[in-house]
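Have a look at the structure that comes next, please.
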């Protein structure tokens, strides 16, 4: 009953197989190899546009490099107050951007609205000594397992564009959001105004495969050089390409996400039906936030259940909100075992 | 006939096998897993001391993080004028250290001497507005395929210590140097005054496995936090640990290095005996620098030989110095084929 | 009727005289001169302790250098949400500290409480990936013209000290706060737990004279070097020393502050008595925040009154809160003229 | 006999007078005042082009801000190996530019040639992992008291332009070079390919008045913001403007430089005629480099002479090269007294 995080699994078998397959022979270093080229072409198909693709080792690297490339002195970056970029990356955005200031916007269930963003921007007028508006970063799926609809994204990016801001998407759980919405990658990104995407593979079946997907390269200056001097260029770069080769082939990435989302839905349905526990909100991706009694929590942990307590919001005195994350390896039996202990 | 670089191969079979083996099951993220713990313990055995170990994705990251952790405002870092840290890492040391200044010391065949270092230090007296002496970085094996003896290293670090400098070793080809010298890892590092080591696995049979091995943690402040905010913490951290597990088991890493060095020696012997080409200097690790005629170069390239032209030093008008790098996969047949085209 | 800011005046006559007096002759550059030495000794008398003193050109420089010297990777700095350091310095704190994150605490009338700080700290537990608690910065007098009592400061620094934080005071209006409280400089700073102070002279009668006064030099690493590489070391350093010589002699600095505070009190009293306008809160230094009708504002501006509209807080639909700043040059006639137009 | 440096004097009387004159009344802060506007217009007249002007407190700030504004990740900055920017500013260029790498070119008597620069650039081909060529910085007059002719500057900037580099002039002793050459400010700068100039007033009669004069604002991104977040914006900005008002009026700045250069020429002539000491090279500005016997040095110091020993280049065993700097206050009697002790 492992619901701690979707980065506790290893790699999916097709990803491991691709890694083994591309291990043969010699290939140019630093991304000049054929697999990297082929995978880059694959990304262009997936996004239906001539994107620039840069592999990184971690999602934090991808996010922070995007911030580096749009950095301006005195720059302000707007994001939700629960954004991973802000709360969980140990100041990477600030370091890479040479000190841009993050401006957290209060989120509801992980998401911010165009109206909230507009109000925050209005408090930062042009010419303010606070700094200058530079970027918006949205997380899709959000840190609370909820998903922005394309029209939500479009409204947010339109608001940001009025202040000439760059629009970044942290897609650590991109696939989970995509299969929930049933839209195309293009519709969820550049068609909705996103300029640059951190495309995550790690949480959904890769070992360590992330990519910066750049829709408007002219707005993200010197990204190649920023990555190089940050030490995020693999010499045996085809190792990341190989993972993406397995990941993106035959819709494998979407299958993995559907599996994880399905496990979350099964879990959520069971919790809602339990009578004794309740959902904090309806899950839309692979994370379930539920309010359990402390007794239930203790019982589950005693039975080998692993998950994090999240907050006290909406909880009674003997309750806590827990986060339950499913992944491509979560089995029905594991979910049902969890539910049986409620 | 692939002699371009030792990072053109994939991973060795035992390394791939270890990766597959550790792919099973779930494990805590961000380095809290059992494999990481076991491999860290293994490093302590290898170095015969209670080292701190931090995995990174690339050698540049390892080098640059070492510089970050010893950074002081106005700091000066001394290294050879062909040091990878200085010449090939796109300013990573400067970026991570918030602008320390690299002070290149003229190298002979890739190495600097304590005397040369002393002279350079004398030109940077205390109180100088140039800045303050902070660190020495040595590359072992050097970028020219030569190797510092432990007493060379001890003399250099003693000179640096007189100015209260931290001593870093860039061990991208650590194993190749070690098997050449026939000493222990401890003798080549902390017993000779090294404070922190970039221990490379990638060039010698891993996919992307590097480690900062810290002998004097009290001198390298906030290294864990520096790595975190640089985006160099893997969520599925056991993926690096697994590679090192395969790499360090049963002397595999030393076998790989002996193979690569042996191929270089075979190549060097053949070149020296060829009559028509000559060695620029005697190789001590897995890189051969040789002076060939342009005609030989063209003939070899036409036959599928791949390698880089390096410089014009010591060359006649119709000659060039080439660099030939061998690796764990280089076969005798490949070497002999090269020699046959001379 | 000039109430825009206390940095619209030039220098006071005694400060100008000191500048002329020390203009004669030659003196060592970069702070090695006798005037700098004498003024540093004077600071030690004023603060009754063996402080380290570093001159800077601007208050922003002083604040930001303090942040540089206590910087840690992933560091968090707590301050009020109206702190000049956060809102008005164009990201200087972030730049100098290589990206520390400012954590604004909601202020009431410019001040925060130990309780508010404690709650904010509790939300940033040790080990959090948000980062690590590093510093507290308090503004005295605050940006709203209010003043922390020594016991307020002591409670705040005690709270900060529990998390091993450094305590900084932005004393751009230090003298105004001091004469309001009637305490000693020592009581308002190090005796109340302050480790480093930005001591402002500019707003209170100097041209550009600020000083970092360091009470615990062992906690502020490399401050001299941070200042040097930031270009904040004057070659003709005695120019700042000379200003402070005039400023600190014979209690001149306290006289200037008493004058400015007195003008603010006269203004406040008149507003409170006007019947037609009202104070937003009671002023304690040289800034008056008052709520005026838009008609009054228009009338005053037409008559040559200059001041900034501040906010809409507590205002009716036809009102606005204005900020009225007095300084060492503000005359009674000017105040009375303002009041006559209400 | 004070020849230590040209920053040991205070301000010239006309500069002090201007400061007193502009001390009256109130004026907008942060550079929005009328004096700043008038002085900016004066700069445009002096340079015969519509320049952007930004005041700073120090020459280091001006130089470093220029580097900040042209910074690119992995950027390389070329300068002489005795450049103040490189050798005497405690790493400010590296700090402000977020880690650009300085590439020192060997100077002869303080100056580099287009040929030397070209050779250095050739060793840094495009695509090199060393980094990318970004800027050239020339010091005029040089640190060795020599002066580039406009055609020298044009040749250097043309070479730099071939690699798309920005051309910066460190004009800490701009006036001294100008009066030596007898050309116009335009001829010595933008007409010879200079993009941005650090225009120094401090060493030539101001207290602390430097200006960044920007000829191609479109190439120096965000300079205003870089300065703001570095804490180099004076609130009472007219204080710098006032100094420049006095400095630039009626050719005062050129008179001051002529005086200093004249004193140096008198000194050089006397040394050359002395028989017992000799010039290291012919001075062209306000610095004389001379080779004296150790006995002469001791005798002069005993008589109250103050100056720095510079190097051993070209010296016999009992000799040393000394630097003798003259300034606007150096008197004939002082020079003659020095000569009498040789």
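Order as written gives the chain letters A, B, C and D; numbering starts at 1 within each chain.
In this text, contacts are C-beta pairs under 8 Å (C-beta built on N, C-alpha and C of every residue); 3 or more make two chains touch, one makes a residue touch a chain.
Here is each chain with its UniProt name: A, B, C, D = Aminotransferase class V-fold PLP-dependent enzyme.
Worth saying up front: this structure is predicted, and the values here are computed from it rather than measured.
Of the pairs listed in A-B, A-D or C-D, the one whose interface repeats that of B-C, with over half of its contact pairs matching by residue number, is A-D. Distances between chain centres, each the mean of the C-alpha atoms, put C farthest from subunit B. Taking each chain's centre as the average of its CA atoms, subunit A and subunit B sit 34 Å apart. Per-chain CA centroids place subunit A at a distance of 51 Å from subunit D. Averaged Cα coordinates give subunit B a centre that lies 42 Å from the centre of subunit D. Note on chain placement: the centre of subunit A and the centre of subunit C lie 42 Å apart, centres being C-alpha means. Residue positions of subunit D touching 2 or more other chains, listed in rising order: 73-74, 89-91, 94-95, 98-99, 129, 225, 228-229. Residues 2, 4-5, 7-11, 16, 19-20, 22-29, 56-65, 89-92, 94-96, 202-203, 207-208, 225, 228-236, 238-239, 329 of subunit A touch subunit B in their complex.
Subunit B meets subunit D in the complex at residues 73-75, 86-91, 94-95, 97-102, 129-131. The touching residues of subunit C, when paired with subunit B in their complex, are 68, 72-74, 98-99, 129, 132, 222, 225-226, 228-229.
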